[in-house]
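Please go over the structures that come below.
First chain A sits with chain B, and in the next complex the same chain sits with chain C.
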Partner chain A sequence: MAAPGTAREDNQAMEFSVSKSALLNELNTTQGVVERKTTIPILSNLLVEAHGSRLTITATDLELSVRTSCEAKIKKEGAGTIPAKKLLDLVRLLPEGDIKIKLLDNHWVEIVSDKKKYKMVGMAKENFPAIPAMPHTLVQIPAETLAGLIGRTKFAISMEESRYTLNGGLMILKPDTLAMVATDGHRLALAETKQTLAGLNGEMRVLIPKKAMDEVEKLAGASADDAKMDFAKDESHIFFQAGHRLLISRILTGQFPNYEAVLPKENNRTVVLGRTELGDAVRRVSQLADQRSRAVKFAVSSEGVEISAQSPEYGEAKEIIEKEYKGEPLAIGFNAQYMLDFLAASAEGPISIELKDEQSAGQLRPLADENYNYRYIIMPMRI
Partner chain B sequence: MPFSDFHGNPPIVTALRGALRTARVPHALLFTGPRGVGKFTLARMFAQAACCERMTDDFCGECPPCLAIARLADPQPLVEQGLTERGESADAAMVERMPLILQTHPDVWALLPDPVRLRTPVARPLLRMGQIRAMQRAAYFAPQGRRRVFLLDGAETMRWEVANVCLKILEEPPATSTIILIAPSTGSLPLTILSRCMQFHFAPLDVADVEALLREHAPGQKPAGMKTAALLSEGSPGLAMAMNVDAETQLRRDALRILETAASGRGFSQLFTQTAALAKGRETPFDQLLAVFYTLLTDLLELTAGVTQPQLRNPQLKRELESLSRAVNTPWVEQAIRGIDELAAGTKRNLNRQLGLDALATELAASSPASGPAPQR
Partner chain C sequence: MKELARLRAKYSDPLPAEHPAEAAILHVDMDAFFVSVELLDRPDLRGKPVVVGGRPDARGVVSAASYEARKFGIHSAMPLRTAARLCPHAVFLDGSRGKYEHWSDRVAAILAKYSPVVEMVSIDEAYLDLAGTERLHGPPLAAAHKLLSEITRSTSLPCSGGLAATRLVAKVSSEQAKPRGLLWIPAGSEEQFLAPLAVRKIPGIGEVTERALHALGIQTVAQLAATPQEKLEKVFGQWGTALHRKARGGDAWEFVIDAEPKSISQNHTFPEDLDDAPAIETMLSHLAQKAAKRLREAGLSAHTLTLTIRYSGFETHTRSRTLPTPAQFDPEIGGVFRELFRANWDRRRKVRLIGVALTGFDHGPAQMELLDGERREKAEKLARAADRLRDRFGFGSVRFGGSLPRDKS
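And now, the complex of A and B:
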């Protein structure tokens, strides 16, 4: 594998000049990846490579890597490593204009801006972990779609470290749809959208680690509105490329739970509420809910929806939203935070709450979301 | 630098190579055996073979992964780098947040008991929660190459709650990772962990083999020194190679002198000076000191019990041991061994080492056959 990260030049020299804004832009992209919490010194460094007319910057925490590049005037081709945090802090403070960077002996790096001169000590570039090269692109996904799916599901990812297969989102690619699922065992968010994925034959499922989802979202946010991201995969990595920026993540192994079995099928007691009125009511009522369980009771009857909560320490709250409802009355408890997480991610407009009975999971769907088929399943609480 | 460079315990090497060849690698291995016998070395070689680009059941030692992993052979500089990176004044939370991890190849990690500080290391380094949690996070990511390998040296230093997190990984083992736990004996690990590991016990090598190894790898030493080193190492080539023969002989002489003084039943002031000198000696860790006592007492046990052809562990002290064995009897030696057992258990509870030694020595002096009526045989 002759990836640029593994290339070893004999000449230790490297010299180039680059504009501050271009460099700062790329350095900012790497910040989410550079590991500050490690005793492996090389991981707090950036690999900087100067070739042709481009400067390539690579950062990794061993699980997630990012490679990005910008235009630069290369005087001498070469490569070296520079401490990531210090370089960013310094470049931020430098005035606009060209910055000259030169590799000296013993991994020292000289940074010159106008008449200001700085020296930092890097490490041997041979110690920088080898980063796999991007294989051929599998499919192209609009950046906006990807960001939309991630934004609608990411919050449901488990924070429990021991439940490793839940520490990521499952992306499901089919020739004509793209979906993403995330769950922590108490709730599940599923977003699906119509998207023709040319070049895909069957169904493909990949588990994307949370940190990678954060970075893909950022990359997508930084891209132009109609930009497309190249997606690729090999045995152990997934790749997302947006223009000159490439994100590489190791795949999470293990079996994602069979989420289809969780999706409710007979939730026929439906009531529709506005997103804002529901959110506001839940937020107010949850103030007086039990602080640990955050349990809020939803009682649906012909009078509408009564949202109530009580805690021995604080007191009780009750709000009634008048709505049309024709089914049998029902009272069910949900975690207020889970509900608010969903409301924050869903589009403005009516929200359909679909229930079956007190013991079964409830389903929430925003009806006004045109582009995404978005479902959110919450397990009920005993109240 | 393939597996054929590993000396001793051929059945273990064969088993590991077989597992690699058939791609049926266990998710957890436990290597037990005396210090310096080559547990970490073989674990590192296994990691190389699991990641080698050219071979599947052995390693070339020349491809980039092999070369990178080979740097783990001497972990000390990496530990120093890591501790420097974390800073000398790291607090307890920082030590957990920035776990000490040695990696020279993205797929292979070595976790060692964390000495916390570089200049003033803690007395008993432990494998910490942060390290095991970091391993837990990493273990479920797919490897860049064929397999991720985690070397857990000093697995016996895990506290029970740390061991339980480790157990969690072994209970739901990631398909693409192998964890190699390294400990002196199976007794130092929870049963729950033992039952989930494929266990390999490393037997000591023949003294002659160790001597031959020394001649090959450390030709600078004097032949007599090599012979003594091979003997004193008790079949651990790693110990023999790192051994300072003169210091080691002196240490044994000092330890024996304490036993002699205690056996004579007199001269407490002298006894306490001797124990103080020994307990304060910074170069030898206390558990190694206890191991020295064990070897001396084992020799004494053989001599007092009248074994016909005793195989002494300290043949260079033969004369002194024989004369001491005439002054004591088997019950006294047994009492001393029990005393050392207690001391060994006590050190795990942060017992004051010198006081412990003092108490043991005075107790032995009081019951010495020379100090009063001879105890019944």
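And now, the complex of A and C:
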């Protein structure tokens, strides 16, 4: 590549200045989307566009894209691409104040902060993939509600690539409720909340990839408490817009399992424990559980709940939590990690453990969760 | 049946008492197994030098040699061409793995009648623990005699046995008893039995250790036993501790621990290098099924599956995949190996050897499935039924799709 020359004189040139804090904010928003280990070099770059009085930054990994913008002083309108990681690392290190960015020949980009000057190798903006435009908004969803649903279900998503329909969460929109469900084939988390979704006719289901859920959660976290997100959908994409930030994700294709069929209906052996006492006991007992399977045994009887584990390598552990229980005694094994994942996502307060028998799925529910109807279905282990 | 061997490895004292009260470990070893099986079909070759492994001018090595051929210095693992030079008039046979497996399975079925603790350590060799079987089969020596007679009677295959208090002495004594013999080493007489033998007779002592011992002036087991433990440890480190023990007939600790396999692998070297994808995949499927069956027999499931491809010219590639939940059944294990093969064979070069290995074992409590419990239950039932049939009628009696040879017509 030829050495960078002077600024281009044609109308393709781009030149603007932006405050460091505004730029850094938006660059941070894009980092979760840019792929570190991509085989397509342009995907490591950000598309930077200067128009009117705004600077727009776009990142994509082809599955998931984010488009965000901030105020800038535009000297010349135009666009270019800049390596995302390098730009973020550099901008982080720059002092507060204005940063001037100018497109040079051969897609090089000049970055100037006061007396400090840097030139980075960019790539032709024409190579940057086209990002679908947002269709009209279907419904508005409070950002906090979305984050609440995602936080209660995301951990149950399967990381097994071969089970790709489980690599995301299913969002179920109804005129008066919004629900999210995720499963990895061993446990299933279902959270539901009352939410009027004006403008929705009937039920809509979309399968959202895990990475998109991470980013929606982040967007929601960065929004004001009462902020709403615009939700839209075309044939293959979903769109979440929060203010000037737009997240676009491909919809996971394929059939999400019929989760309604595995929701327990006759789990009438119920015992109620405090979230903290249960979590603490499981954490302690699992220290001596088989390290691979992490199986912990729950024996429920009129004496209460006995939580125990053993492994030939480490020894054994047993704790008894005295609780009222009137049903038939029952001993069942669960993966301690699965249990702890749920407790971490649950509201503080009593947790209801509802069982049927040693072979059937157990159900856990936090009783003090005011805003969400939250159920966690967990398959036992043979012990 | 390997399940019990595993339990013993886990719960028994890794350094058992010097001399257990009774000699109840039986080592059964088939005599010149591959040759003996071939002779079932070719009785005309009886009494002649026979070599199994391939044509005398082929590239491979000797898998087995008849006792007559051994007189000429032929032994297994020797290049076929060397064997042909030593004994040009020997009869060379190709051998067929399937046939040997069939007979091996039949022998295993007989062994299983004599003890619940049977460990097939290879296709023609097994350890049995006869302790506690007296009321069924009489004292161990009588049971061993009955067992060997039954094998010979019902299969016409010659075999030998060694009965002792430890696996090590049992193995050495079956070797001394060959062919068609049974040797009993009563508890307490191990050292006396081992003393005059060359150190090389002790399992685990190979060429390298033998050379090192010779350098110390140690030729016989008696000399090894008389060498102070400290001296052996100084020269061999931990292995010295094991040698000291072995010289007294004790099993070295690692010998017992090995009862639980760390990996299960199955390899196949093609008689001719192949670039025919369906034929290679057929063999791959067969190997995966064999490994999966051994896995289930050991009561284990595997997290990591490793494929080995060796090209002509010996360049060898291995590729692994680690599963989030351990696998035990054929469709899953076979499927992963097929994917690994398709993704990693370069399609340009011919394949000399293909192999599968299962590692990362799990025998802890099994996580049950929420979504496809029914499908898994079916897979489990199918595998158990297939394994039962294979135990009775040989491995080839049940094949899953994918390992069926293609119709040549």
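Operating definition for what follows: the second predicted complex is superposed on the first by the 373 of 383 C-alpha atoms of A that agree within 3 Å, B and C clash if a C-alpha of one lies under 4 Å from a C-alpha of the other, contacts with A are read in each partner's own complex, and residues count from 1 in each chain.
Keep in mind that, in the parts below, a residue touches a chain if its C-beta (ideal position, glycine included) is under 8 Å from a C-beta of that chain, and two chains touch if they have at least 3 such contacts.
For clarity, every value in this text was computed on a predicted model and none was experimentally measured.
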item: Three-chain arrangement built on chain A, chain B and chain C clash or fit; value: clash
item: Partner chain(s) touched by A:G315 [first = chain B, second = chain C, both, neither]; value: neither
item: Chain B versus chain C as contact partner of A:K37, first or second or both or neither; value: first
item: Which superposed partner A:G221 touches (first chain B, second chain C, both, neither); value: neither
item: Touching partner for A:M379 - first (chain B), second (chain C), both, neither; value: second
item: Touching partner for A:P129 - first (chain B), second (chain C), both, neither; value: first
item: Which superposed partner A:L62 touches (first chain B, second chain C, both, neither); value: first
item: Which superposed partner A:G97 touches (first chain B, second chain C, both, neither); value: neither
item: Selected from 60-68, 114-122, 348-356 or 366-374: the stretch of chain B that, after superposition, runs into chain C; value: 348-356
item: Residues of chain C defined as touching chain A within the complex; value: 10-11, 323-325, 362, 364-373
item: Complex interface listing, chain A residues touching chain B; value: 6, 37-41, 44, 62-63, 127, 129-130, 132, 161-162, 164-165, 167, 209, 235-237, 250-254
item: Contact set on chain A toward chain C in their complex; value: 159-160, 183, 185-188, 257, 262, 290, 292-293, 295, 311-312, 333, 335, 359, 361, 377, 379-383
item: Complex contacts: residues of chain B adjacent to chain A; value: 64, 81-86, 97-106, 133, 136-144, 165, 168, 172, 174-176
